[in-house]
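These notes are about the structure you will find just below.
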Amino acid sequence: MLLDPTASGVYPIAPTPFHADGTIDWQSAEMLFAFYAGIGADGVTVLGIMGEAPKLEPDEALRLLKIAVKHMAGKPVIVGASAPGFAAMRSLSREAMEAGAAGVMIAPPNTLRTDDQIAGYYVQAIEAIGADIPVVVQDYPLITNVQMTPGVIRRIVTENPSVVMLKAEDWPGLEKISLLRKWQAEGTLRPLSIMVANGGLFLDFEMERGADGSNTGYAFPEMLIDVVQFSKAGQRDAAHDLFDAHLPLLRYEQQPGVGLAVRKYVMMRRGILASDAQRKPGAGLSAQGKAEVDYLLSRLARTDRRAKL
Amino acid sequence: MLLDPTASGVYPIAPTPFHADGTIDWQSAEMLFAFYAGIGADGVTVLGIMGEAPKLEPDEALRLLKIAVKHMAGKPVIVGASAPGFAAMRSLSREAMEAGAAGVMIAPPNTLRTDDQIAGYYVQAIEAIGADIPVVVQDYPLITNVQMTPGVIRRIVTENPSVVMLKAEDWPGLEKISLLRKWQAEGTLRPLSIMVANGGLFLDFEMERGADGSNTGYAFPEMLIDVVQFSKAGQRDAAHDLFDAHLPLLRYEQQPGVGLAVRKYVMMRRGILASDAQRKPGAGLSAQGKAEVDYLLSRLARTDRRAKL
Amino acid sequence: MLLDPTASGVYPIAPTPFHADGTIDWQSAEMLFAFYAGIGADGVTVLGIMGEAPKLEPDEALRLLKIAVKHMAGKPVIVGASAPGFAAMRSLSREAMEAGAAGVMIAPPNTLRTDDQIAGYYVQAIEAIGADIPVVVQDYPLITNVQMTPGVIRRIVTENPSVVMLKAEDWPGLEKISLLRKWQAEGTLRPLSIMVANGGLFLDFEMERGADGSNTGYAFPEMLIDVVQFSKAGQRDAAHDLFDAHLPLLRYEQQPGVGLAVRKYVMMRRGILASDAQRKPGAGLSAQGKAEVDYLLSRLARTDRRAKL
Amino acid sequence: MLLDPTASGVYPIAPTPFHADGTIDWQSAEMLFAFYAGIGADGVTVLGIMGEAPKLEPDEALRLLKIAVKHMAGKPVIVGASAPGFAAMRSLSREAMEAGAAGVMIAPPNTLRTDDQIAGYYVQAIEAIGADIPVVVQDYPLITNVQMTPGVIRRIVTENPSVVMLKAEDWPGLEKISLLRKWQAEGTLRPLSIMVANGGLFLDFEMERGADGSNTGYAFPEMLIDVVQFSKAGQRDAAHDLFDAHLPLLRYEQQPGVGLAVRKYVMMRRGILASDAQRKPGAGLSAQGKAEVDYLLSRLARTDRRAKL
């Protein structure tokens, strides 16, 4: 099953579970993907930035992917394939597809600056991995330091038929989504799935601007699923009510560097992971930070019982 | 009256009001600072990044400052004095102090990288403007691209007796505030006012970490004042309840580039400014963006009647 | 007299002479521009990055310009007009033109990233200063951190009729010059003067690629003039012979930050400036650095008697 | 045989030879390292930035290293081990040492900014690879975008006993070498080999400032060897005479992005490589660029017969 431009819904970005000693916690990995399948996630993304992918050995990465594929049972699993060289990108991509992945996600390296450099990079990367593998373009300037205009995205999509999805996490990004959708309505941009991320901070309005769904790692993906469904059903107030209830915690997750520690801590408290450990190097959460998250969880539990831990 | 390390409370960052044709709207300027004085702001900052300072002529800047000083009636007015050259920094600083400013705010230029460069810059800048002018150090890496460790901040404070305040808008910044306060408790850092900003996105917890107050430009500074007061009074839940009610709008303001347009639009809708115009170059708000803000205001009005417009 | 696309030859970038106490050395300024006129420079550029422009007061800048205009006696004087705000850029530009400047040079601010941002900036800047002022576009990514593709340069030239010259100091930049000249031969880019700089490090080949001349600050502008003339006369070996003799010193000047100190030191040793002082902040030359320059001068003097000091 | 702080002389940075189709040209690899051994190189560095290391598969990297070790016959082979994750860095480093490498070179990732981040990174990296492997710290801000002060270098050396060499390619870097040597003379910095690079552009003076030798990839490493020997023998003029004769070509190599193409082209013309191909992505040399290099070679051949091809 290959990813295509009709993809929609919620594809959580999966963390990689570790034991305190830095080895992978395979039991938690099973638990994690069973959880995603159980809540009705429409797909999942592994080995992204949040998945601590550069710290994994190739065989670890492949094993994690296979666990995801097994649990997701036919639903798309996207694999982060960004790499400094095209050789590594190619071998990871092709092994991943053989292991059952539905497509690969490629972020631009932070050396790219001009429109030509960015567009040229995707042409070369896709030539390297093969044009038969569906590609997700990751637009995340806060992390990659690469700024893609809507025009560059259109150019990438036009020049590379295998690009089927945009992971849209520019900030601000609302007008960009509106413009891409306008171009599609006008027929100057072909169909493309737009999944939003950037921690989910603007999910409420991004859905109203035309996003197909969410592709982020918030520790309560059930909220993402509900908000996407409310929004698609036209229940605007319900979508915002639920989103706003989670916003204080979601905002707390939105701390560069510390965000992953918050997510893993919440997932541990929820019983989805056995430990909140990260493989080195990684930024931990102080005792006061944990107490602040606990306080936010207790406040959230007043309106969303899923936060009652 | 000079700024000193005991400064606390809320010092709103003031926008500069313009007419649609790009000339300064002096009547709105009067209205604006009367508004800040009327709600009980403890001070105000003018000519910051948000104040479109680099777009002003020197005489415009001075006139705006004088209006602020007049309305604030003895409360401190801080002046943004960042400039590419020390000559301009000196002349602006000294003219501002003569006109009644309480101190100047200096952000590091984005060419600085190493600890030595950053610390050295403040020594030279303060030598240029004169050691008699109270200085606010602005720590805003998202905009300045300069990363100051807590150790560098301590070094700047230690080497420059005229530094009396830190405008803390690192992100994440909670642990930094805790560490600076710990150093003060241990006696290895002298007294220093810490005012938080970064759009207010973490004001709730920053106050609990030891901030003295807020120095940001959110379009409802009354909320900032209330949250700071609740927090100082130990009313934790009340502080968070009010903060959380405003968070959806505050988060919407937190869009790089577009944020000022949102603020000016809300202040115009509130009747504090006659127009939401910016002097060129400036990023506007689309019709859909304005409708989204209106929707957020209507939702906020359900819990905070000050948002009923 | 206004700058136009036929401009060619050597336009030295002038330093600003200071006394040791940081005040401007007006006598040396007279001497300096008399020197440029005397050696047959085809024009001169003042108030550029090398001219320590951001450290000057507006009235100092204007007085320096007037001295240049007086001595250059009808030959074009270009004025650096880069500024953080369009208001300052406009007032400086218009005052400069009134004082006799032939055009202004504008470098893009280092926040620009995408092709659209860069092209849009020049449209807005030129709208601000007025379309009647001839403009030099400075393409200097090592300093500005802005990368302009040949396509973006063509777009700027096409969208702004007042752009008449490119100060080409990209690195590597040879192919860029060739491509722009190819486009002109094909008729897809209108006439444009291309003056090369980047310290002169590739002047020998840049001339062969089609540059119109040199616009840099090497301390022996006579060499630049000779190499440009040899090259235009088709005396390839003579051009390279002279260039190569100067290359060890020219290369030594090519040290970021320290370069200006080297240039001022050599110009002082040549008797063109009374002092090698820079206004603060500025990087000096150590005793060993000066001895190295002296050694290079003595070696150069073996083949170019103008270096015999 | 392990690298230690007494290392000196010339360690060329080796390119990786490819066929036109992108596969490794193993025969040229044999030829290349035999060449380095034959001219009397004191060591060699493989898998650096210039060696296109990120484009190699792990088994290719290892095989290349083994060829180098075989030909260098007991002389030190340094291996570039920079990697986005510590897991990959560890496995590459340990396999390399087992295969006969003398030490590894680690460049800081371009996300590091503050002194603490840089120093902390080396502590963690060395913990990851093991404290028994000799480490070369690469200080190359033009490429890594990481600025290390002399103080940070001293801190890294002091905190990590396994650091034995600095690859010094800051620009400007002369004063940095002098200061590090001064600290060693004063006893506040332990012995450390300082090998200079940055394309060799300042080798003449860097040797006089106290460098132990050269660690760069200029296509005539024989010149580097001669200049280092002249300089160590106190033959200042002879060192500069030879260096200056090569400077026009060496300067031409010093073009970011294109430099490797120039080097491979010259080495192909010299018969050291069968092809000047790079593995994708890579920047080629235009026909005019090749003609310019040919011209420079013919000029060089007038004074250095090794350039007669």
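Order as written gives the chain letters A, B, C and D; numbering starts at 1 within each chain.
Here is the rule we use: a residue touches a chain if its C-beta (ideal position, glycine included) is under 8 Å from a C-beta of that chain, and two chains touch if they have at least 3 such contacts.
This structure is a prediction, so every number in the text was calculated from the model and none was measured.
Contact with both chain A and chain B is made by C, D.
Under the touch definition stated at the top, chain B and chain C share these contacting partners: A, D. In the CA-based superposition of chain A onto chain C, the rotation angle is 180 degrees, rounded to steps of 5. Using CA-based centroids throughout, the chain positioned farthest away from chain C is A.
Between the CA-based centres of chain B and chain D the separation comes to 48 Å, rounded to the whole angstrom.
Taking the mean of the C-alpha atoms as each chain's centre, chain A and chain D sit 39 Å apart. Centre-to-centre separation of chain C and chain D, using mean CA positions: 34 Å. None of the residues of chain C touches two or more other chains.
If touching chains are joined by edges, the resulting network of the protein chains shown connects every chain directly with every other.
Taken together, the chain B residues at the contact with chain D in this complex read 113-117, 147-149, 151-152. Listed in rising order, the residues of chain A touching chain B in the complex are 171-172, 174-175, 178, 201-202, 204-205, 208-209, 240, 243-244, 247-248, 251-252, 255-258, 286, 288-289, 292, 299. Contacts from chain B toward chain C in the complex involve residues 54-57, 83-88, 91, 110, 121, 124, 127-128, 279-281.
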